[in-house]
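Each of the next two complexes has chain A plus one more chain, namely chain B in the first and chain C in the second.
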Partner chain A sequence: MEKITKDKIKAGLEVLKDLQDSKLISHLNSCVHCGLCADSCLYYLTTGDERLIPASKVDMVSSIYRRYCTLTGKVFPGLVGARKLDDANISEMVDLLYGACTMCGRCVGHCSIGVDIEYVIRAGREMLAKMGYVPASLQATVDAALESGNNMAIADEDFLDTIEWMEEELQDELNDPAASIPINQPGKNVLYTLNPREPKFFPLSIVAMAKIFYAAKETWTLSANMYDVTNYAYFSGHPKHSRIIAQRMFDEMQKMQAKKLVLAECGHGSRASRWEGPNYIGKEFPETLNSVELIAGYIKSGRIKPDKELTQEIVTLHDPCNLVRSGGIVDEQRYILKNTVKNFVEMTPCGVDNFCCGGGGGQLAMSEYNDRRIKIAEIKAEQIKKTGAGIVATPCHNCVDQLSQINVAYRLNVQIKTMAEIVADALIIGYP
Partner chain B sequence: MHWYQWFALAALAVCMISFAYHFFRLIKLGRPKDYSARAGSTTGGIVYSFTTGMNPRNKESAFLHLPTYTAGVIFHIATFLAIVLFFLPLSGLEAGRSIRLILSPIAFAGAMAGFGILIKRHTDKKLRLLSSPDDYISNLLVTFFQLLTGLVLLNNELYPAYMIVSALLLLYMPVGKLKHAIYFFAARYHLGLFYGWRNAWPMKKL
Partner chain C sequence: MPRIEVDGITIEVGGDGFLSDPDIWDEDIARLIAKYDGIEEMNEKHWAIVNIIRDNYEKKGMAPMIRVICKETGLKLREIYQLFPLGPARGACRVAGLPKPDGCV
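So, the complex of A and B:
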């Protein structure tokens, strides 16, 4: 790790000094070190490592706040556990804040005080990002998005080829040469986004969503210029980078003049675009909704009709943390499954109490912590096993990726599917 | 007035001024501007944050740790009682003997809970790793404040010691984690505001 310099310290402390954020001030001053958050964190539960409890992560940031921003911390640092920004503490910060937190927010609702632990961790990540200590693999993902327009650096030509190929697949499946995957068509009702994992690794999920749009007779389009729903700078923490990515999305919406921006099945992408995006750029976005809300709406209004009998296997649901706990989307995915599959069973716990799959917080992009990421998935693997399900549905491509890896690591022998894939498999085409 | 009463009054003034600074700084800064489209009720979120959101049945920090949670509740009830009793003479009121006999066990129970929490902090490895001297000092000052409140309710001869401990507590409150007496309310307000805006709170429990 690069040695700390005065300039780096100054850059990091910009986040905490002269704070004008009443919310961050409140949360930095609230933790009483009761440690009761430990049992809500999958890192502590699976490793038993006392360093990894949420309160320790909060203290990493708040101790630096006390050292540089409070009178007591400046005069008697030892008394209040105020820490200096030095190489040892930065190394610990990187490990705890990037390498040992999926930012799932499960601890927040269970905190005895009500500290927004995730918010404090984001402030800590912002400090580290401003000092240049983002783990290299995560920064590479952000850089790919900044330089190419998507986090997987897919070339435009490759993307267009994939879409063309998928359009042919769609036409074959529907037996309709007029079925299409529209690109760059302004003035449609829906501007749909993708997680770049779709064109890169799972192109059939694009076909699944296109089939739903076809069945719902929706007018929609993709944009070849900006289709990436993700914003990995939300995880790395640098506000300048997250702003650039959010601004691109906003500009594309303006250019495409669509009535709605529909976010692909991606937990953090949904959060970063719908909730954080407007705050990154200081402007309100036009109507923005997650594809799960859109699909649930199609079923409720009768625009599409799934046949439950087509999926007889037991299906369980993994809730992405950013959708349920931070986005309030809890009922829609359940409504879809109850109307799409014959045997839907919940995990325990589920919904707002669900455990993270282990892939959140940018963990999937940080190869430095791969072993830890698979280890913390023990809980999710056990949850899945206990349901007896053959299919795990989840409205998040990052979760799909992590669940696919733990499917192998823990020999779960299940299929992992997005909501669009589940619905597409059950669609009655030609209804009503 | 005796010197220890002046001492306690001066400490009270220092504490109040400091807490007023923290409180009015938060008020002045106001709530953060949110540019995202509101999806839920912020009032509903804030109400939930201070009510159902604190229900022990909804919090693992409570229902998975019932002995500690119960000790914490007793500790805080006794603290509020001791604070009320500290201010009582200023209002010209005085607790009668029968009321003193009822209230003193509550103060003692709080002190016992405080000692229990202190022992847990010292013996539990994860808490020991997390703790600084401030955690121990804060606990000890509040615990002794409760203990002396209980004792002075039974025996007025301990009044000077009670005043001195009260003064030390008041002087220390703005220094360390006891500031959560102010920030707890602000933190829960912000949580309710944030999650209420997104329609995530009140939580949709299944």
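So, the complex of A and C:
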């Protein structure tokens, strides 16, 4: 790790000294150390390590605030538990805020006084980002997006070639040579986005969504220029980077003149565009919705009709934290499953109180904390086992990847699917 | 430095189980990582996939698109997922000795 310098300290403290962020200041000063957050957190529950209790992570940031922004902290730091920004504390901060938090926000709901712990963690990450301490593997994913336009640095011709290939798959599956995956067509009803892992490694989910659009007779398009729904700078914490990426999505929407921006099944991507995006760029996004809302709407209005008899296996649902707990999209995916599969069983707990898969907060990208990420997933593995499900559905590609890994690590022997894949498998084409 | 151990042989890997030094890769290492993942024996199809990935990495510095893997090997997409149960990234690319690809994989 690079040594701390005066300039770095100054850059980091800008976050705490921003007088406009009164929310941050009040939440930094509010924790009463009741400890209720401990039992809400995957890290504490699976390790018993008190360092990893959410309140300890909040204190990591607030102790620095006290040291540099309060009179008692400046004069008698020892009395008020104020800590300075030195190499040891920064290394602890990196470990706690990047390495031991999925930013799932479950602790926020369990906090006795409503401290937005996740917000404080994000502010701590912002400090570290401004000082240049983002873990290398996470920064690499942000850099790939900034430099190439997507977080896996997929070249344009490779992307176009893949979409053409998937269009052929779609035509074969539907037995209709006119079925298409439209690209760069302005003026459509829907501009659809993707997680780059789809074209790079798992393109069948693109076919699944295209099949749903086909059945719903939707007019839609992808953009070859900007299709990446993710914004990893939300995790790394640098506001400049998150703004650049959100602005790109906004600009593409203007350029394509679509009526709606539909975000792919991606928890943090939905959050970063739809809910954080307007704050990043200082402008409201045009009509923006997540694909589960769109699909639920198709079913409700009768535009598509899944056949429940086609999926007899028990299906359970994992709730992506950013979409469900933070975004409030809770019922749509349940409505879809109740109308798409024969046996839908909730895990416990579920909905806004569900546990994180363990891969959130950028953990999936951070090789540095791999062992911890698999360890904390013990809880999700148990939740899944107890349902007796053969299929786990989830509207987030990041969760899909983490669940696929714990499927192997904990020998769950289940199939992991996106919502679009579940629906596409159950579609009756030609209805009504 | 984390390690993986198979048949009494130890390989140094990063925290995520990908080779720390992609340059030390050879076919024996590929067999060991595959075995660690439960692939007892690498068949012709496994090798065809791994060799394409390795070749692409050496020429372009990154993992190939799944499109390229299918095109070059003539294998069906679903077959690749079956051959490497951990998927193209954490399965096949890891066996091919690449660093972990960026993004949600």
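Here is the rule we go by: the second predicted complex is superposed on the first by the 431 of 432 C-alpha atoms of A that agree within 3 Å, B and C clash if a C-alpha of one lies under 4 Å from a C-alpha of the other, contacts with A are read in each partner's own complex, and residues count from 1 in each chain.
Just so it is clear, a contact is a pair of C-beta atoms (placed from the backbone, for glycine too) under 8 Å apart; a residue touches a chain by one contact, two chains touch by 3 or more.
All figures in this text were calculated on a predicted structure; none of them were measured in a lab.
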Joint occupancy of chain A by chain B and chain C, clash or fit: fit
Per-residue contact with chain A, leading partner among chain C and chain B: B
Contacts of A:Asp371 with chain B and chain C, given as first, second, both or neither: second
Touched partner set for A:Thr387, first chain B, second chain C, both or neither: neither
Which of chain B and chain C A:Leu79 touches, first, second, both or neither: first
Touching partner for A:Lys200 - first (chain B), second (chain C), both, neither: second
First (chain B), second (chain C), both or neither touched by A:Lys23: first
Contacts of A:Ser56 with chain B and chain C, given as first, second, both or neither: first
Minimum Cα separation, chain C to chain B, after superposition on A (Å): 25
Chain A - residues contacting chain B, complex: 20-23, 25-27, 29-40, 44, 50-51, 53, 55-56, 59, 72, 78-81, 108-116, 274-279, 281-285, 287-288, 324-328, 330-331, 334, 346, 350-353
Chain A contact footprint on chain C (complex, rising order): 2, 14-18, 62-63, 65-68, 70, 77-78, 85-90, 100-105
Contact footprint of chain A on chain B as seen in their complex: 22, 25-26, 29-37, 39-40, 49, 53-54, 58-62, 64-65, 68-69, 72, 121, 124-127, 129-135, 137, 175-177, 179-180, 182-184, 186-191, 194-195, 198-201, 203-206
Footprint of chain C on chain A - complex, ascending: 137, 140-141, 144, 151-154, 158, 161-162, 165, 195-197, 199-204, 230, 266, 364-365, 367-371, 397-398, 401, 404-405, 408
